[in-house]
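Questions regarding the structure given below will be posed in turn.
Chain nomenclature is as follows: A, B and C, assigned in order of appearance, with residue numbering initiated at 1 for each chain independently.
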Amino acid sequence: MFFQQLINGLMLGATYALVAIGYTLIFGILNLLHFAHGEVFMLGAFIGLQLVLWTNCSIAVALVGAMIGAGLLGLMIERVSFRHVDKRYHLAPLISTIGVSIILQEFGVTIFGGDQLSFPETIQVVVYRFGSIQVTSLHLWILGTALALMTVIHLVIHRTKIGIAMRVTAENATTASLMGINTDGVVSITFLISSALAGAAGVLIGLVYHAISPFMGTAMVLKGFTIMLLGGLGNVKGAMVGGILLGMVEVFSVGYLASSYKDGFSFGIMILILIARPTGLFGTRLHEE
Amino acid sequence: MSGYTESIFIFMGINIIMALSLYLPCSAGQISLAQAGFMAIGAYTSSLLTRDYGVPFYPALVLGGLLAAMTGVLVGFPAIRIKGIYLLLLTLAFGEMVRVFFLNFTPAGGASGMGGMELKTNLVNVYAIVGVLILFFSRLRGSRMGRALESMSDDEVAAEATGVNIVRAKLVAFGVGAFMAGLGGGLYAHYALYIDSSKFGFLLAVEFFVFVVFGGIEVFWGAIVGSVLLTIIPEAVRFLKDFRMIFFGMTIVILMIVRPQGLLDKQLVDGIARHARRLYIFRGVS
Amino acid sequence: MTLLAIENLVKSFNGFVALNNVSLHVSQGAIHGVIGPNGAGKTTLINIISGILKPSKGRISFNGQPIERLRPDKIVSFGIGRTFQNIRLFNALSVIENVMVGQHCRTTAGLVRNFFRRPFKLLEEENRIQHKAKELLNFVGLSDREQEPARSLPYGSQRRLEIARALATEPSLILLDEPCAGMDIKETTEMAQLALKIRERGVTILLIEHDMNLVMGISDRITVLNFGQNIADGRPDEIRSSPAVIEAYLGF
C-alpha cells in the first residue's frame, strides 16, 4: 500500500512540478504571479483531448499538440495582455493576468461545457506487478514523460545560450539588456516554455485522473503558489522537488487522513514556510528591495 | 424597485464594504488576500448568534465583526515583517485555512453549509454602513493616522525612522479592515440566508482585490468605484450570455493596459474636488 | 555632558566585519563629525544608532538609556532624528505633509478620536502639527513650496526637507548622513549655516560627511573611521595633524 501510494504520489507530484516550473520561471524573470497559468494548464488538457477526439491520434501526439497549443496560447497572452502593461505599477500586471484567467476560464466552459470529460483509452495498458504493487504502463509513461520534460528544461536552462539569457534576465533585467540580451525575447520564450510545460501537464493529469474539467485550472493556482514558495521563488529545481513533495503529501494525506483536510495541508505548509523559512527549501535568487 | 434590482444594489453595497475593508491594509502597504476569510468569520459568527442563540441582529453583526477583527490582528502579527508577494501568499493561505476550518466545522453545518437565518439585511442598513465607512475614510485622509499610513506605504523604512510605529499601524490596519470585512460577512449572511464555506475562498478574495486595483488603489474612492462598476458590468451585459464573463475579463485587462494606476488616482480625485469647490464657491458668489 | 555613548560596537554581516570595536562619545550641544574613506562603516554606524540595524556586540546609550536593541520608532521618540544618505522622502506626500509625519511620535490622535471630531473642524492637535510644520519649513527656507509634491523639489531642497522632517520629531540629537553629497560649494556653505542654526536651537548634531572642509569647519569634535575601526578622535586641529588619519586618506 505504501509503495503504491509512493508511485501515485510521484506521478501526481511530477505533473504538479511541470506546472510549478512555469509559475516559478515567470516569477523569476518578471516578478509576476501569473494567475492565468492555471487556465493555460486547463486549456492544454482540452487541446490534447480535442486532438485525440478529432484525429484519433496517439496520446503522445496529443501531448505534443497540447504543448504546442498551450505554448502559443502563452505567447499570445504575453503579447496581448502583459507586454503593454506599465510595469512601474506593481499590481497592474497581476490584475491583468487575473482578467486573462477570467477570460480563459469562461472560454473553456463555453467551448467545452461545464462537465468533466475523459480521455479515451488509447494506450495499451500493460500491468506490471511487483509484489503488492501494481504499476501500469500508463503510470510509467506519465512519470517518464514528466521526468523527461523536467530534464530537458534543466538542460535548456543550464546548458544553452537561451538558458543563460533567461538566468541573467532573472538576475537583473536592466543589466541584461545593457549586455545586449533581447529581454523582450527572453520574456516571450519564458512564457512559451512555461505554457508548453503546463499544456503537457494538463494532458498528463488528465491521464492520471482519467478526467479533465474546465475548473481544474483554478484548483491548480493555489497548488502552484505553494510549490513555488516551498521550493524557493524563482528556483526551478525547487519547483521540481516541491511539486513532487506536494504530490506525495496530497496522496498520503488522502490515504491516511480524511480527504477534506487535504487542501488544508498545502495552506498549513505555506504559512509555516512563510514564517519559518520564507526563502524556501532551496533559497530564492530574488532580493527584497 | 424590483427584487432583482434591489439584490444587485445590496450585493453592490456589500462589495463596497468588502473592498473598503481591503483598501485599509493596502493603504498601509499591505496587500491582504485574507478578507474573504474574515468575511466568513463574520458571516458564520453572526449567523450562529442570531439563529441559535437568539441574539438580535445588530449586536450579532458587531460581534461577528469583532471576532473577525481579533483574527485580523492575529494574522497581522506574522505579517509585520513580511512584505510583497510573501505577504500575499501568507494572507491567501490564511484565508483558505479559514475556509477549510468552516468546511469541517459541524456546528455550522460543515460541508452542507448553514441556513435558517432571518432576512435582516436591507438597502438601508447596508448603505448606512457604507456611508459611515465613507465618512471614516474621508476623515482619515489628511489626519495624523492617514499620513502615517501613506508614509508607510511610500517608504516603510523611512516612516519608521521618522517615528511612525509601524507595528501598531499595521496591526490596526489589519484589525480594523478585518472588522469591516466581518460586518460585510454578517450582512451577506442575513441576505443570502444561506452560506457555505466554498464561497469564501481565495477566488472571492481575489475578486475584492480586483475591485480595489481596478478602481484605483491610491484613494479610497477607487475601492468604491471599482466595486460599483465591476458589480454592475456583469449585470449590464447579461445579454451577452456566455460571453458576459469574457467581456468582464477583457474590461479588466484593457484598463490595466490603458490606465494601470486604476480608474481613480490622487491627482484625479484632488482635481475633481478642486473643481467641485470652485463651482460651489462660484455659485455662492453669484 | 555625554548625550550619546557608543561602547565597543561590533557589527558583522555573515563574516564581514563592518564595525570593529568602535567607541564614540557625543557631547550635548556639540557638532560631532564622523569622517572616513568609503566603506569605512559610517553609514552602518548611523543605521545601528537609529535602530535600523542591530549591533552584533557592544552598547549604545542615549541620555544614560540603552538603545541598541530598540525599534527605530522608539529611538525616535527618545529623541534621535536622522536623515538619509540617499534621500528617502515620502514622494507621494506634499512638502508640508512630509514634515507633519515627523510629528507623529509626538502626538496621539488615533482612528477613533479623528473619526469623532466635529465636522469641518480640525483637531486642536492637528492645528498644532500644521503650525509646527510651517515653522520648520520656514526654518529651512521651504515655506513657498508647502503644497508641492515632495518629488518635484530640486535636489538641494529635498535635502533641506528631509532635515525639516527630522527636526519635526523634536530630537535632542540629529544624525545627518552625508547631507552635502552631490552639492556644490554654495550649497555646501548654506548647509553648514543650516547646521549651525540647528545647533543654536539646542539640537546636538552627529554629522557624517565626505567634504573635509565642511567637517573641519563646523565640528567641535571629529571621529575618524577606517575599515570599521576608530582610528582617531579629537578636535579638528588634532585630527588634521594625526599621522593615522593622513595614512588612511593618503595611503602611506
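Going forward, a residue touches a chain if its C-beta (ideal position, glycine included) is under 8 Å from a C-beta of that chain, and two chains touch if they have at least 3 such contacts.
Since the model is a prediction, treat every value here as computed from it, not as a measurement.
Chain centre most remote from that of chain A: C (centre = mean of CA atoms).
With centres taken as mean CA coordinates, the chain nearest to the overall protein centre is B. Centre to centre, using the average C-alpha position, chain A and chain B are separated by 31 Å.
The distance from the centre of chain A to the centre of chain C, each centre being the mean of the chain's C-alpha atoms, comes to 50 Å. Chain C has its Cα centroid 40 Å from the Cα centroid of chain B. Across the assembly, chain B contributes no residue that touches 2 or more other chains. Considering their complex, residues 50-52, 71-73, 76-77, 81-82, 84, 88-93, 97, 100-107, 109-111, 114-115, 117, 123, 125-126, 129, 165-166, 169 of chain C touch chain B.
Across the complex, chain B is touched by residues 27, 31, 33, 35, 80-81, 84-86, 88-89, 91-96, 98-107, 110, 218, 221-222, 225-226, 229, 233, 260-261, 263-264, 266-268, 270-271, 274-275, 278, 288 of chain A. Those residues of chain B that touch chain A in the complex are listed here as 31, 78, 82-86, 88-90, 92-94, 96-97, 100-101, 103-104, 111, 202-203, 206, 209-210, 213-214, 217, 242-246, 248-253, 256-257, 260-261. Residues of chain B that touch chain C in their complex: 135-136, 139-140, 143-148, 150-151, 153-155, 157-167, 172, 176, 218, 266.
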